[in-house]
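What follows is a set of structures to go through.
Below, chain A partners chain B and then partners chain C, in two separate complexes.
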Partner chain A sequence: MPKLPGGELASRPLHFIWIADCSGSMGVDGKIQQLNFAIRDAIPHMQKVAEDNPNAAVLVRAIKFSNGAQWHIAQPTPVAEFKWLDLEAMGVTDMGMALSMLAEQLKIPPMSERALPPVLVLISDGRPTDDFQKGLSALLGEPWGRKAVRLAIAIGEDADYEVLQRFIGHPELKPLQANSPEALVRHIRWVSTAVLKSASAPASQPREGGVSKLNVPIPAPPESGDAAEDVW
Partner chain B sequence: MNQLLKIGMTVQTEDSARSCRVEQFLGGGGQGEVYRATLDDAAVALKWYFPAQATAQQRRNLQLLIAKGAPTFRFLWPLALAVAPGVGGFGYLMPLREPRYKSIVDLMKRRIEPSFRVLATAGLELAHSFLELHARGLCYQDISFGNVCFDPANGEVSIGDNDNVGVDGETGGGVLGTPRFIAPEVVRGEAAPGTQTDLFSLAVLLFYMFMIHHPLEGRKEVAIRCFDLPAMTRLYGVEPVFIFDPADDSNRPAPGYHDNALVFWPIYPQFFRDLFTRAFTEGIRDPLHGRVRESEWRAALAQLRDLIVYCARCGAENFYDTASGQSAGACWSCRQPLRWPPRLHIGRQVIMLNHDSRLFPHHLEQQLYDFSNVAATVAQHPGNPAIWGLKNLTGRNWVITSGEGAIKEVEPGRSVTLAAGTRINFGGVEGDIRC
Partner chain C sequence: MSAGLVLPPWRALGASRRGAAHVRSGLPNQDALLLPDLESDPPWILALADGHGSPKSFRSDRGALLAVNTAAAVCRRLPCDPESPRLSTIKHWAEDYLSREIVRCWREAVDEDIAAHPIAAEECTQSSLASLESGGHYLAYGATLLVVMVTVTFIIYWQVGDGDILTVADDGVVSRPLPPDEKLFGNETTSLCADRSWQEARTAFQVLAGAPPALILVASDGYANSYRDEAGFLRVGSDLLTLIRADGLEAVAANLSDWLDEISRQGSGDDVTLGMLCRTTTNPARLGQWG
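Presenting the complex of A and B:
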């Protein structure tokens, strides 16, 4: 017999969506393997953050783009049950198509009317080969697309920084540059923990933080360069 | 994220240069990382700040807190500053939290299932702990889910993250607090965190513990589609309306969305609900004078403990309501009618005399709460199990006056039968048994 009535604290869904570049160039220098590793490495930490947060029901999925785009993990999966499936690299960079497909899924329905801001993480190492603007417009045409926390990780020097910045849409937030496997691990970990936490139950708000124009307070990203080296 | 310290390395305490060995990475937060470490063969916790957080102000604040010492042993208080040769920044040592303590998040997710008595004890301990902190001129500034733990077996609390504690009215710590717990005037940017805003956060935490729900999340919350920072600022800062505000029904809990609030609220006695109502009506309108003080929560939670009764059919804990008196309602769990056990009135206190009820020094004297020191217990007659009594566990005689006027003494170790009309003089105070 339960000692107390009622159930768990009421929570809202929080959709977390990876948008991954699987173009042929991601197959060079083991980049796609590094990305698979970084996301796998981040999952237990993501699960821990979600476990400590009673206000959100975190649901994860992934979309990939190369020649066209397709849902890689289509089902919004409770983070505790989320398993990463490795991506493979081939083809071109149809990023615009991925955003259009994402926009379809952010319509209400299938999205619920009430939720926490979705977190969309775009990871790319190159330039879009299709109509990026069309996809972005479709995404921003949806209320959940506009309200989403949109972050981008640029892998290597050839990533289209300007396109990623347009995806983010806030000049105060910059794409995260990952020029090494360590930096990629760090950035992926950061978006899947610190940002995830902020989107659902922001941590203690620093007094000197300066209120931003963002609808979700994004904590300071990990320091560029290799922070561990600085300390040691 | 990145481990700042290496396992096996040693750090030095700043004051006496004692060596402390880093044993295990425990976790990272917004400000730094926490490790398990050993100092003079004793296990301690070591927090090490990220470079950006290792400020001179943080260091001064820690030095102040270390010099002042813990308000009570319930605080995992900074013991000593720590530095390490070759490693930037600094950290501090504090007691290690025992694994028996579980977080309020575990309660919110129903991973633990404490009794109402444990919840009331934990609430009482929290109120008492923050009273002791505030009485020293300090404020916590970040009372929330993550910083407070309790033992689900007995309600003992453990308060962590004390490095943001500051002197009230001075810009000690660097935080505004945790959203959902921040007082409305701080959310609106009109005030800085301090003792008065701690009182609001404490009330929110208590409401969460007793209702598994937020006091301002009603129909206004349902109407919000995207629950982002602007929405939170409106709900918790600009238009805060208590979900049970007797004068404003615009934000009542919505069935299907806020069921916990609807289920828990009617279970509690009126005086307890009234206190929450004041905390989230007057306490919002008048942050300086309208908030419920820690000592009021403490007294209320002590009374709440004493009003617990067990359903004779299913054993669930219910509450006697002094306001509704004799009209016992139905058990919240099995819906069968409740029957009240005998009760003891001592001044304004009412103690329900269940099979396991106990009296403590605070019931009999003007003493603070000490649940390790039992003054009396309900006991069964050894020869006749149908007769129940109150056993004197104090060191002095009680004097009882029966309903018929007969006067007798009850020596330590002996019991007085629970009979309506019996008056008990405990020495300093007198109580009477009602059925």
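Presenting the complex of A and C:
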């Protein structure tokens, strides 16, 4: 076969970004250790999903927030090479700053217009202590921020459910409630696999015509679990 | 073909291939391509449609097929003799009537298709059924549509939704005859199935004088999404013109399906469809004898 016409071919990048609350309260009752465990546990499953769809190049990174925010894993890392670095808990809950920093990275460039909609997973056990709305507005001010698949996991009963719902931005999609280590593992596994699979090969979505306004069809989430197992 | 027009000044070629991801997931090819019958009188119509393919658009492969056939039928209703047209009338027709009629006729075709082949519950999910009941049956057939309508004196480019129309000049310079649409971002697209979709159409009218394109390409979005960047995709146009001139259209035809399979496999995984019209003469003065 003669050389293909055109320039370099490439699978489409799919950015998957963890946004993790590392405030002091995450150190209570082993929440931060369970979060570290759950994400590390999910990595091989993410890798398997990515292997099954070579037309999406899954790139993973993480941002953390407590007193301020910073990139925990700054480099978009091919999921096959991704290793989780443990988070530690201390300080307050500067969630708004994390969203502002995220917004900077979702600009075009560095993002590509031909990317698949990114997946943003916000995990928190508390209320923002800074200007959450400012961060959210910055995020939604970017085309990829608006088009991203935005999911949230509420750890424990003190999590600000309303703030997480505003982050998601779609009333048909609720924050996942994790009141136990088992529920946290289930939810992290679900976003890392079922959601990732759906986001890897999204069908075209017509503007206006659909009942759902979600950019990517989101599969049914797992149950939050038996209240008897609740510890948080 | 009318007496006096011995050969059409264009040749047509195209292929539509099921995407690598569709093969893995068992989905059909949801693109449709209609090449012009160059043996008939003008206008010659090249049309490409891309069915949305989501669970809610579970008949979008049929919607795409209806779209290209509808486009051809509507375009053949040119309001005057295409060989001696009043260009201002044609331009107005293209910008106003064409969009409304394509959308209206496509919806009519969908209604007829549903009447002839009622939707069975097993075809769709519960949420899709709910969508149908709330008037979303056009969504089940949702598709984008790209049309190039060529006569001996003018070309009309028309598009609703994603995908690409490119023209390649004699010197290999690649252009987009239609303005960009900022609403096409990520996997979101304007669509024939959306309310007031005729208002979303983009139209361009080009008089065939001076420097007509040497090559016109229409491609589904799975094609452009397979390239690392825009420049790499645009190079398809100049590379194809070079290949056609060096090896002939038949050589390109012989390889086209394999190329599209490979482009989908290494790139987007989506269905990939390419239609092209290649001008048989590169001399505009010679083209004048047709117009």
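Going forward, the second predicted complex is superposed on the first by the 205 of 232 C-alpha atoms of A that agree within 3 Å, B and C clash if a C-alpha of one lies under 4 Å from a C-alpha of the other, contacts with A are read in each partner's own complex, and residues count from 1 in each chain.
The criterion applied here is as follows: a contact is a pair of C-beta atoms (placed from the backbone, for glycine too) under 8 Å apart; a residue touches a chain by one contact, two chains touch by 3 or more.
Given the structure is predicted, the values throughout are model-derived calculations rather than measurements.
Novice: Considering only the touch criterion stated at the top, classify A:186 as touching first (chain B), second (chain C), both, or neither.
Specialist: first
Novice: In this superposition, which partner touches a larger number of chain A residues, chain B or chain C?
Specialist: Comparing touch counts on chain A for chain B and chain C gives B.
Novice: With both complexes superposed on chain A, which partner does A:140 reach: first (chain B), second (chain C), both or neither?
Specialist: Neither chain B nor chain C is touched by A:140.
Novice: Which holds for A:215: it touches chain B only (first), chain C only (second), both, or neither?
Specialist: A:215 sits against chain B and chain C alike.
Novice: So, A:73: does it touch chain B (first), chain C (second), both, or neither?
Specialist: Neither: A:73 stays clear of chain B and chain C.
Novice: If we overlay the two complexes on their shared chain A, which of chain B and chain C does A:2 touch? Say first, second, both or neither.
Specialist: So A:2 meets both chain B and chain C here.
Novice: Thinking of the overlay built on chain A, is A:10 touched by chain B (first), by chain C (second), by both, or by neither?
Specialist: both
Novice: Is there a shared patch on chain A that both chain B and chain C touch, and which residues make it up?
Specialist: In chain A, positions 1-2, 4-10, 12, 52-55, 113-117, 143-144, 147, 201-208, 211, 215-217 sit in both the chain B and chain C interfaces.
Novice: Can you list the chain B residues touching chain A in their complex?
Specialist: 1-4, 29-30, 51-52, 86-88, 103, 105, 108-110, 113-116, 119, 142, 144-146, 164, 171, 173-180, 182, 189, 192-193, 208, 212-213, 217, 222, 224-230, 257-260, 263-264, 267, 314-317, 332-333
Novice: Give every residue of chain C touching chain A within the complex, in rising order.
Specialist: 20-21, 24-25, 50, 52-57, 127, 130-131, 134, 136, 138-139, 142, 144, 161-162, 183, 185-191, 193-195, 200, 221, 224-229, 231-233, 235-236, 239-240, 243, 251, 255, 258-259, 262-264, 266-270
Novice: Hey, which residues of chain A end up touching chain B in the complex?
Specialist: Checking each residue of chain A against chain B gives 1-10, 12, 51-55, 113-117, 143-144, 147, 186, 189-190, 193-194, 201-208, 211, 214-217, 219-220, 222, 227-228, 230-232.
Novice: Tell me, which parts of chain A touch chain C in their complex?
Specialist: For chain A paired with chain C, touching residues are 1-2, 4-12, 52-56, 112-117, 143-144, 147, 201-212, 215-217.
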